[in-house]
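Below are two complexes that have subunit A in common, paired first with subunit B and then with subunit C.
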Partner chain A sequence: MNDLAMDAPYRPAALDRAQQGLLGKPIDRYEAREKVSGAALYAFEQAPENTAYLAVVQSSIGRGRVTRVDAIEAEAAPGVIAVIHGDPRMPTGEGNSRAMSAIGKDEVFHYGQGVAIVVAETQEAARAAARLVQVSYEETPGRFDAAEVEIQQDHKLGFLPPVNRGDLDTALAAAEVVVDRTYTTPIHFPAALEPHATLAWWEGDKLTVRTSNQVIGGAKGTIATALGIDKDRVRVLAPYVGGGFGGKTGVGPEVIFAAIAAEKIGRPVKVALTRRQTAYMVHHRSPTTQRLRLGADHEGRISAIAHESVAYQNEDSAFLEPVPFGTLPLYAGEARRFRTDLARIDLPATGAVRAPGEAIGTFAVECAMDELAEELGLDPIELRRRNEPARDPTTGKRFSTRRLLDCYDNGARRFGWDQRAATPGSRREGEWLIGMGMAAALRGNFTVNAEAEVILGDDGRATVRTDMTDIGTGTYTILAQTVGDMLGLPIAAIDVVIGDTDLPPSAGSGGSFGAGSACAAAALACEDILAELGRRMNAAPEDMQLKDGVVTATDRSSPLADLVRGSPISAKGKTSPGKESQATSQASHGAQFAEVAVNAVTGEVRVRRMLGVFDIGRVLNEKTAKNQIIGGMVWGLAYALTEDGIVDPRNGRFVNPDFGEYHVAVNADVPQIEAYFIEEIDDSANPVGAKGVGELGIAGSGAAIVNAIYNATGVRIYDMPVTLDKLLPHLPPV
Partner chain B sequence: MKSFNYARADSPEAAVRAGGRFIAGGTNLLDLMKLQVETPEKLVDISRLDLNTVEEQDGGLLIGALVPNSDLAADPRVIANYPVLSRALLAGASGQLRNKATTGGNLLQRTRCYFFYDTHAACNKREPGSGCDALGGFNRIHAILGTSEHCIATHPGDMPVAMRALDATVVTLKPDGDRRRIPLGDFYRLPGDTPHIETVLESGELITHVALPAPPPGARQLYRKVRDRASYAFALVSVAGVIAVENGTITHAALAFGGLAHQPWRDPAVEGALVGRAPEQAAFDAAADALLVGARGFGHNDFKIPLARRVLITALRDLTGEPA
Partner chain C sequence: MRFTINGSKREADPDIRASLLDVLREEFALTGTKKGCDHGQCGACTVLANGRRINACLTLAVMHQDDDIVTIEGLGSADSLHPMQAAFVRHDGYQCGYCTPGQICSAVGMLDEVAKGWPSHVSDDLSAPMFDDGEISERMSGNLCRCSAYPNIVDAIRDVHAQEQKA
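Up next, the complex of A and B:
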């Protein structure tokens, strides 16, 4: 095992010598043909013989406990095999590596919680019978109204403790200009296109689940914990995942339900949540209230920065949205205060949704910066330039790589930022008010433990094996590119095997850490293979050149296949965080620009174009990286303008838990979007030098749009999303 | 979904005799059945009936009930003579849905009220007598005109709004073999205390056609839809306008509104405030006053009142050539 903790910057020399020219190129997806032809089978798309179907009975109260389940009618319904309730292994909610939801409890933590399951011969029969299960409750008053609940400052939730540096109050009092604004953001549903689905079956005492999950290694442990069995008895398969957006980082209750049902009836059991069920049984992004205070002198130098928020969680869960996470390293300023208070509420769990912290935290701070720039009469980019820190202003750590200023400059030039009207509301085309806005984007970079095995086979083909997932992000492709460059093989000569916990444990897809960590592990494995090839060639690795399956040493060359015939080479690589990870402040960065048109009659906002320039370390694949960045920018557009999960405060139900009324952006909303990269390989991040890209695009994009709306109209909205009813009272008369 | 019986009808006469809920495109009904908002015992599939042509009749058009929204929007005669209808159709749903949705079915599209869709919620339309959770709840998309204490839901359609402004007539066939011609203005009911009864159709009565009279000569037509996103969202406010101006005087005005009421809304007082007057701001203001004199918001939808005024006035300017 080539086991490398990031104790110091590291880059495999073979990556610099690579002849194959794969990394960085906009190479088509490795599994594209399977996906577009339907050959790629997702979790729900296989049914072994004798598969039964599961439907979840959901709580019809918001808080209390189950007193009785009457299944007589449901059990008698056509096609019903079993109704299961009261099994002590049944969880009340989603589990993950940090916390398991309560199990075996009759407690109801929120409306829509799974309280019983029905197994039947068909999905239709199961769902119909689920409505026949009569559940009795003892109902207790629930806390459903975010405005009414008590705020707890002293809590232990979340991974981000409060930060207090310097004397904020004094610094604010002394500041020549102060911006003090409170922003609110609503519930966001992760809304993956593939709903949560699982097929579970037992072979003897071994459980296999084929499921839609982002982090299958973690899922394996969570499932074992929930069922009270040894981890080795659980295998999780997720070869294809139709989007996750954070909502598939944990193990949903339906996975455990399916395992229990499969055990009970001795048959494979399959379940897919309905779209409306995903709102209740999958975590969502917490709504937040965020108070931003910035104090600066007349020159725009920030002396005080405070980002204090309230986020929500129910009694059954341990996550807390790390709202100011992206603000911590963003701007200079001696006095700093960051905290997130907790409001306990009896609603479905909140959890990590694409860029937890940064997605909505950078929204508030970047809108506040726009206001500060205006107060000061400074261009928003110039204000940011004046507050660009030399070291992490919160931790004092050095930055690994940070090209934020270059992103601003490059983006401003490409976008035509100099065309922005200095006076808000001054550019009009017919009914439309036109404006431009910008914002910084930042997402913390993480390296996590990841292993991979690479086998150079008899036939000269390479296989890379790791329990990574590809949630639409491009994992298959970048692993092939990494191995191809390291070993001098074309993509067609590489087999990528992922999505199976029998493979070496990897990072999974979450927190934007998957690509860098997994590719690093694969590259490290390849280093050992190169060493062995060197021995077989009797050449030092640095004297070898590998391309198209041929190894060339100084004076001779050999097909790879000849070197491994009868004696394949297998090697493992492992990467993990180390001293360098601790010593540096690491993040991906970007500058987001948007041009919007606001209808002066109706208040409708249409985004005309978006452009971003991003610093993500090494670009592993320009196409899949842009796919992710643009996808994030689109979500930023949607949370700025439309996405708004509404709770009925009378009973804790969601008002709009479907795609009809929870408005994600549709094609017609999405304008021309351009994304560019400024590439600087970050050798402190991981051995391939790639920083996270999957979540960066959503950071700042919403703020750029809201700032553009201000530039177009002269109206600032502090309550997301900016729907037309909020703008209407401020528009000129007709 | 509850089990149901299914039969396919091979003629309109057989369909009305079959005694069941008609299904054509199914773009609305199937969703509602999956949620058990609707639980018909029997579906009668009319999708293969010969009712999918657009014929010229009496200077106007006779549109078969099964003509898909996409086809109707693209019909050259519709584009040329009834552009308000074509635009309304294209403002609705998505391309895929418009390919499946039919003319007759679209007239009968049911409300998108959140509480109608949530079978745990109180809804007099879904379950008469159970109450209305929209009244004291989140009601941003709800009606401001013609509401009752029992229901504040809106009709969600676009096509019917344009048809209302075009004085369309619904042609039906009843189980006893009688045919009826129902002006669209008489077709929909207000919620009153029976919000579950949405039209004047009798049990088993089948829409076979929609008849459009000849368009008013010299009139300009417009459909404007205001919504939360650029596509695939229901109207917060929409207006279908057909206006003729001769010698500086408005001679014909037909204005229908979506998103405001339990039915495509049309009010003679609005048109009365316009016909015979010069197309000027004063007349437009008077029309808006007439439209909104009885308007009532329920909290989250209060914004529809000023929004409807602004949209109407702007639409009138566009229709009469006033500079914006």
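Up next, the complex of A and C:
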């Protein structure tokens, strides 16, 4: 095992020598043909013949406990095999490697909680019988109204403790200009298009689940814990995952339900949540209230920065949205205060959704910066330039790489930022008011443990094996590109095997750490293979050139296949965080620009253009990285303008738990979007030097749009999303 | 009941409650057609019925006696891609791939509607609609892509339309 902790910056020399020219190129996806032809198999698909169907019965109260389940009628319904309730292993909610929901309890924590399950011969029979299960409750008053619940300052939730540096109150009192604004953000559903689905079966005492999950290594342990069995008895498969966005980082209750049902009936069982069930049985991003205070002198130098928020969680869960995470390293300022208070509420769990913290935290801070720039009479980019810190202003750590200023400059030039009207509401085309806005994007970078095995087979083909997932991120492709460059093989000579916990344990897809960590592990494995090839060639690795399956060392060359014939080479690589990870402040960065048109009569907002320039370390695949970044920018667009999970405060139900009323972006909402990269390989991040991509695009993009709306109309909205009912009363007379 | 699926005559005896989508997926193992919402809100289940695009989740299987159904598997295979499938690969018109079969079936049906001169909500001239990016986006807005590969989807469809115009 080539085991490398990031104790110092590191880059495999073979990556710099690589002749194959794959990394960074816009190569079509490895699994492209399977996906566009419908041959890619997701969790619910192609189950064995005798698979039974599971339907979940959900609680019809918002808080209390189940007192009785009457299953007589349901059990007698045609096609029903079993109705299961009260099993001591049934969870009330989601679990992950950090925390579990309650298990085997009759307590109801929120409306729509799974309280019983029906297993039947067909989907139709299971669904119909689920409606026949009679559940009795003892109802207790629930806290459903976010405006009414108690706020706790002293709590232990979340990974981000409060930060207090310097004397904020004094610094604010002394500041020549102060912006003090409170922003609110709504409930945000991850809403992956593939509903959470699981196929479970037992072979003896061994459980296999094929499930829609982002982090299967973690899921394996969580499933074992929930069922009270040894981890070695659980295998998790997820070769294709139909989107995750954080919503599939944990193990939903339906996974455990399927395992219990499969055990009870002695047959494979499968379940897919209905779209509306995903709103209740999958976590969402907490709504937040965020107070931003910025104090500066007349030159725009920030002396005080405070980002204080409230986020929500139910009594059954332990996550807390790390709201100010992206603000911590963003701007200079001696006096700093960051905290997130907790409010307990009796609604479905909140949890990690694409860029927890940054997605909404950068919205607030970047809108506040726009306001500060205006107060100072400074261009928003100039204000940011004056507050670009030399070191992480919160921790004092050095930055690994940070090209934020270059992103601003490059983006401003490409976008035509100099065309922005300095006076809000001054540009008009017919009945449309036109405006431009910008914002910084930042997403913290993480290095996590990841292993991979690479086998150079008899035939000269390489196989890379790891329990990573590809949730649309491009994992298959970038693993193949990494191995191809390291070993001098074309993509067609590489097989990628992922999505199975029997493979070496990797990072999973979450927190934007998957690509860098998994590719680093694969590259490290290849280093050991190169060393062995060197021995077989009787040459030092640095004297070898590898391309198109041929190794050349000074005056000799040999096909790879000849070197491994009868004696394949297998090697493992492992990467993990180390001293360098601790010593540096790491993030990917960007500058977001938007142009909007606001209808002066109706208040309708149309996003005309979006453009972003991003610093993501090494670009592993330009095509997939760009697609992902643009997807994140669209998330910002929809989060700024339409996405809004609404609770009925009388009973804790969602008013809009489906796509009909919860509006994700559709094609017509989205203009052609431009994204560009400034590539600086970050050798402190991981051995391939890549930083997070998937979550960066949403950071700041909503703020750029809201700032553009202000530039178009002169109206600042502090309550996301900016729907026309909020804009209309404030628009200038037509 | 009998119908034609991807050119083959098929027989089925579906539960009268079963949607066309569930029968395609669970009975005929044609799992390329996806279920994203089961409400007609996401378009992942789009198939062609007698040449027209429909949401297979919003129609009962028993309503399709003698119909000619084409699913993503009927358009092309991994070894022999339909031009629209190939364009989605080239332009990376997807990420997770779950909405993709529905997007592709929808795009094929949509281009046929355009060829017939059917206008859309954004057509200025209802008798002779133009074909541009705005038309593509409008006509494809029944197909959600949560990964939000929309710009690339538009690129892919524009490309195929141009190829068809040339041919």
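The definition used in the following text is that the second predicted complex is superposed on the first by the 732 of 734 C-alpha atoms of A that agree within 3 Å, B and C clash if a C-alpha of one lies under 4 Å from a C-alpha of the other, contacts with A are read in each partner's own complex, and residues count from 1 in each chain.
The rule is short, and it goes like this: contacts are C-beta pairs under 8 Å (C-beta built on N, C-alpha and C of every residue); 3 or more make two chains touch, one makes a residue touch a chain.
All of these numbers come straight from a predicted model, not from anything done at the bench.
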| item | value |
| --- | --- |
| Touching partner for A:431 - first (subunit B), second (subunit C), both, neither | first |
| Partner chain(s) touched by A:658 [first = subunit B, second = subunit C, both, neither] | both |
| Which superposed partner A:602 touches (first subunit B, second subunit C, both, neither) | first |
| Partner chain in contact with A:124 - subunit B first, subunit C second, else both or neither | both |
| Contacts of A:553 with subunit B and subunit C, given as first, second, both or neither | neither |
| Of subunit B and subunit C, the chain that contacts the larger number of subunit A residues | C |
| Partner chain in contact with A:648 - subunit B first, subunit C second, else both or neither | first |
| Subunit B versus subunit C as contact partner of A:240, first or second or both or neither | second |
| First (subunit B), second (subunit C), both or neither touched by A:667 | both |
| Subunit C-contacting residues of subunit A that also contact subunit B | 124, 128, 658, 660, 665-668 |
| Touching residues (chain side subunit A, partner subunit C) in the complex | 28-29, 31-42, 44-46, 122-125, 128, 191-195, 240-245, 272, 274-275, 471-474, 623-624, 627-628, 630-632, 634-635, 658-660, 664-668, 670-673 |
| Interface residues, subunit C side, partner subunit A - complex | 15, 17-18, 22, 25-26, 29-39, 41-42, 44, 71-73, 76-79, 81, 85-86, 88-90, 92, 94-101, 104, 122, 133-134, 136-138, 140-154 |
| Touch list for subunit B against partner subunit A, complex | 1-3, 35-36, 94, 112, 114, 117-118, 120-121, 133, 136-138, 140-141, 226-233, 236, 303, 306-307, 309-311, 313-314, 324 |
| Residue ranges of subunit A in contact with subunit B within the complex | 60, 78, 124, 127-128, 131, 276, 430-431, 601-604, 606, 641-642, 646, 648, 650, 653, 655-656, 658, 660-661, 663, 665-669, 723-725, 728-729, 731, 734 |
